[in-house]
Amino acid sequence: MGDWSGYLTLILEGARTTVLLTVLGSAVALVVAFVAGLGRLSPVAAVRWLATAYIEFFRGTSIFVQLFWIYFVLPMTGLWAPTPMQAGVLALGLNVGAYGAEVVRGAIQAVPRDQYEACIAVNLTRFQRMRHVILPQALPLMLPTFGNNAIELLKATSVVSLISLADMTFQAQVVRSQTGSTLVPFVTILVLYFAMSSLISLAIRACERRVTRGLDGVR
Amino acid sequence: MEWDWDFTWSIMPQLLAGFRITLVATALGAVVAAILGLVFAILRRSRNRLVSRTTGLVVEFIRGTPLLVQLYFIFYVLPDLGIRLPALTAGVIGMGLHYATYASEVYRGGIEAVSRGQWEAAKATNLTARQTWVHVILPQAIPPMIPAMANYLLAMFKETPLLSAITVLELMNQAKSVANSSYRYVEPMTMVGVMFLVVSVISVVGLRWLERRYGRVGG
Amino acid sequence: DKLDDLKEAGTVRIAIGNEPPFTAIGADGKVSGAAPDVARAVFAALGVADLEASILDYGAMIPSLQAGRVDAITAGLFMKPERCDAVAYSEPILCDAEALLLPAGNPKGFQSYEDFAKDPEARLGTPGGGTEEKLALDAGVPRDRLIVVPDPQSGLKMVQDGRIDAYSLPVLSLNDLLAKSADDTLEVFAPVQGAPVYCDGAAFNKRDTDLRDAFDAELAKLKESGEFAKIVEPYGFSAQAAISTNRETLCAQE
Amino acid sequence: MDQPIIRIQNLQKSFGTLTVIDGLSFDVMKGEKLALIGPSGSGKTTILRILMTLEDISGGRIEVCGEPLYHMARNGADVPADEAHLHRMRRHIGMVFQHFNLFPHKSVLQNITLAPVLTKGERRADAERRARELLDMVGLADKADYMPSQLSGGQKQRVAIARALALQPQIMLFDEVTSALDPELVEEVLEVMQRLARETDMTMLLVTHEMGFAHDFADRVLFFDKGRIVEQGPPDQIFTAPQEDRTKSFLRKIIAAGQRV
Amino acid sequence: MDQPIIRIQNLQKSFGTLTVIDGLSFDVMKGEKLALIGPSGSGKTTILRILMTLEDISGGRIEVCGEPLYHMARNGADVPADEAHLHRMRRHIGMVFQHFNLFPHKSVLQNITLAPVLTKGERRADAERRARELLDMVGLADKADYMPSQLSGGQKQRVAIARALALQPQIMLFDEVTSALDPELVEEVLEVMQRLARETDMTMLLVTHEMGFAHDFADRVLFFDKGRIVEQGPPDQIFTAPQEDRTKSFLRKIIAAGQRV
């Protein structure tokens, strides 16, 4: 028993893994969300169909199963054997990205039709419409939900212990079995998780203030 | 490692037994979430600052930390405080509590989506507060909530594998158990994936129908 | 071949469990315990200096080995016929008998898995898919009274909380668990009557029998020199038990 | 028209730091038809909303039918009214909104009968009979079982008028009841209101931007600006011989925009 | 005014099973000011939207500035226009909407310069100089750096007009540009349009419910009902001596609702 500061270090190492997974996973999710979200609005039917299939598949099955497939089944096909970190980031990113894609689509569609029509009336091209008018207005609508998605992703990192990634929950388990104490490691990580999710909320709120500057009174 | 159909069929009874527990846990958890969610929503609207702030903090905390860790807490730490819940009960309470925080947001959104004009018309026709809720606000607020609620129901269903951490013998736990004693991972895990996917696909179709039928609250 | 690859890389990847005293993780994160220590000694003799250990679920170990994620398992994964079919075992390393963790004085008098089958109220905890679960099922303990416990610490807690009447693991695991908890209301009952003594070995991918044979050769030398006993006995394992039996016997033992 | 049915004394209303109504006083006689006109943001809607108890007041006193509206006597002293007092006072007052605010999940008939049955305990059969009479009066006898979403704007507004009348209030408040309507549909609503004004002795307060209608409808016109009465008098005087510059410039703009007054 | 700048031939437009425009044909001369009036739902907006290529057509043919709008020649045959053709044709046409549709995240100046810079490749400095001239013309020289949310409705609409003018289209479409405005704000917008009509030789099509303004503004008035032209002619004739019953009854209702014509 005893050496608490040592075990705390262990948990903090786990916290580093959790943060890394969250940051990288969110980055993947963000990219995927925009690609798939815009894909669903594409004028090309095949692209729309592909995006829909991806979104429905990843929202439809649970993250456990996805992680299992990426980590254990994908290598058996001989294509690619991701490291645990790669598999974790990929599974989390693809899973949360599927939810994010729907947010992107919803926000773009929530920009009033009026705005598309005004773009046509001043003769902007499709790309110019998206880039200069629609996305700048859709972004503030996406941000709050993106924040929630990032928190969901943070919480989901605890499942990566399935594939032997030593994240925070996993390290808490290790500490628990090495020290025999249940209360201390779990209270510690609860506090740490809450601190991390609060940090995400704060960051998102700061972003929101930035992008909505000058937009007041619109919504 | 190739697929073995005989083996697949031989484990089906065990998997289906787990599937039944999964469904029971989801259904009971949903009931708890729906009721507790309404309680949270009402407490958060309270005029008493202390009540609304405290509820807000509790809700944020529960939402910001992983369900897995909360389940550990309820199952392994609460007995130290003299509360010893059976595994399934602990699981239902844990999931219900966690999803109640989501449900409370849906309730809030649904209630706020009823236009101010309806409250005012109710006042102008001199209805009491209770009559206003029962006859005017709730009948309009609840139908648009249904799709969002159903969405969370599905999300909760997909998170039931976490219950294996507190010894509930649900689908994922059964599959792991089978896998561990047979050293065949691919068949049981794939069947779990298939079962989840089947339920999800059916639910998504149902969800689309609900969304068409009742519309949607917020983004 | 495989051994050359490992020498080249300078490290070997092994899977370990999270179960003292088979494995232990220090506050500094350093991996020790009987199984990794033996593996470290043998691989050092083979010319592979470093050992990279990842902690896995017992159930995930064999799939990881098959998927090429680890080179060997040294985790107290006992030899049994089905496992011997799935992986290539080395000669035995760590041997242990089954035991029960239960309230001090064993008030209900449990001595064998059959006793749990007979008492309609008795609830027994075991790891999911582990040896103990199998033995209990074979002894006639019904599924609904056989609780799948995710990890030893949870098992201890559940006995303390009265959720289960006993928790079954190998003797040394329970001894270590009980020692750490310093709980004198509990005791370890060992060995469980009618349950065989099991031994583990280092497990390799079936493709890597060459590596396994090389491992066996060095392991035999260690056993010979007495070095082996020096490693395992401080953890409470009997070196003699491992030396006096062999793979064939164990793989045939149901 | 002998005694004031509404008495507003030194009324104050602020939203945060913005003072919207500042020391307003006026009386309304029983049976009087009053039109409130004035530029956007001058506080016309706010006054009606205060009378309907949809807002709190920041100061002053209002009496309706001889009783204080936002106050009540307790142990001889005036204390702020509680919900029960407000509920009792609201019986006297009905309101029709710019955006109708019909209950979208209830049929036309249910919209009208809901309140009488719930708040006055009328029997359903009685309430329905009277609802049908009212629908007949507003020219919608055949629409009783329609849902609001199946009606045009003008029809919705006429249902809203019937709904307010069903409670038989002594005072009716109309806030720009035609400004959300297509021009072609305006007339059918104004016609109903004109009939009401002629045929009943209800007290009516009307906020409107239709100067022509205000002219025909009202006994007295109040011209508001910045939460105060700038000028008041009979319609002929206000519309044809306004005294104040603010009134003149307002009317000039309205006429320039193409309205008759 | 010598050659048709817009030529509509046998135009058909349906939404699903609902036919909204059914075999409509008319020409508009270069420089002509046209007012489209008629009851709600008669298809006036739809015609403007079709000219702005905001809708597809179901049949018929439109020519603008001598070129087909929804068709293009390919290998000698007429094929449906692609996005590139539409993009080219839209240079000729500008539109002002009922709800302004300003870009809320861009300042007034940016609203005006965005399209010239992006679509015509004008240099920013040039575009801004001209934008300021246009703002001056609509009386908003001092509001260049405001955000749309800081403007009143009338100001927003004048910015929208400036934005459309910045692209120097030959044809301007106005769809009920004052009907979302407070009455007091209507005049400032109409004044700008009147100036435009007098001072430029742009072709203008105006949909409006303000009969008085249509009268003053237009060279020719088209009265629509159910997607067809019921009657057309100079404003004096349509407003003071309409021939068709449908026109007469429409104007009667408008007048009854308080408008001058």
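Note that the chains are named A, B, C, D and E in the order they appear, and that numbering of residues resets to 1 at the start of each chain.
Here, a residue touches a chain if its C-beta (ideal position, glycine included) is under 8 Å from a C-beta of that chain, and two chains touch if they have at least 3 such contacts.
Predicted model, so just to flag it, every value in this text is computed and none were measured.
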Touch-network distance, subunit B to subunit D, counted in steps: 1
Neighbouring chains shared between subunit A and subunit D, ordered by label: B, E
Chain whose mean Cα position lies farthest from subunit E: C
Chain pair, A-B or A-C, that carries the greater number of C-beta contacts: A-B
Rounded Å distance, subunit B centre to subunit C centre (Cα mean): 38
Distance between the centres, which are taken as Cα means, of subunit E and subunit A, whole angstrom: 46
Intercentroid distance (Cα basis), subunit E paired with subunit B, Å: 52
Centre-to-centre distance between subunit E and subunit C (centres being mean Cα positions), rounded to whole Å: 83
Multi-partner residues of subunit C (each touching 2 or more other chains): 57, 60, 63, 157
For subunit B, residues that touch 2 or more chains besides their own: 1, 76, 185
Chain-chain contacts as defined at top: A-B, A-C, A-E, B-C, B-D, D-E
Of all residues in subunit B, those that touch subunit A in their complex: 1, 60-61, 63-70, 72-73, 76-77, 80, 158-159, 161, 172, 185-186, 189, 192-193, 196-197, 200-201, 204, 219
Residues of subunit A defined as touching subunit E within the complex: 114-115, 117-118, 120-126, 128, 132-133, 136-137, 214-218
Subunit E residues touching subunit A - in the complex, by the definition given at the top: 49, 52-54, 83, 87, 90-91, 93-95, 97, 99, 101-105, 107, 114-115, 118-119, 147, 149-150, 163-164, 167
Contact set on subunit E toward subunit D in their complex: 39-40, 178, 182-187, 190, 209-213, 250, 253-254, 256-260
Parts of subunit A lying in touch with subunit C, wherever the complex brings them together: 1, 3, 5-7, 9-10, 13, 71-72, 75-76, 81, 84, 162-164, 166, 170, 173-174, 176-180, 182
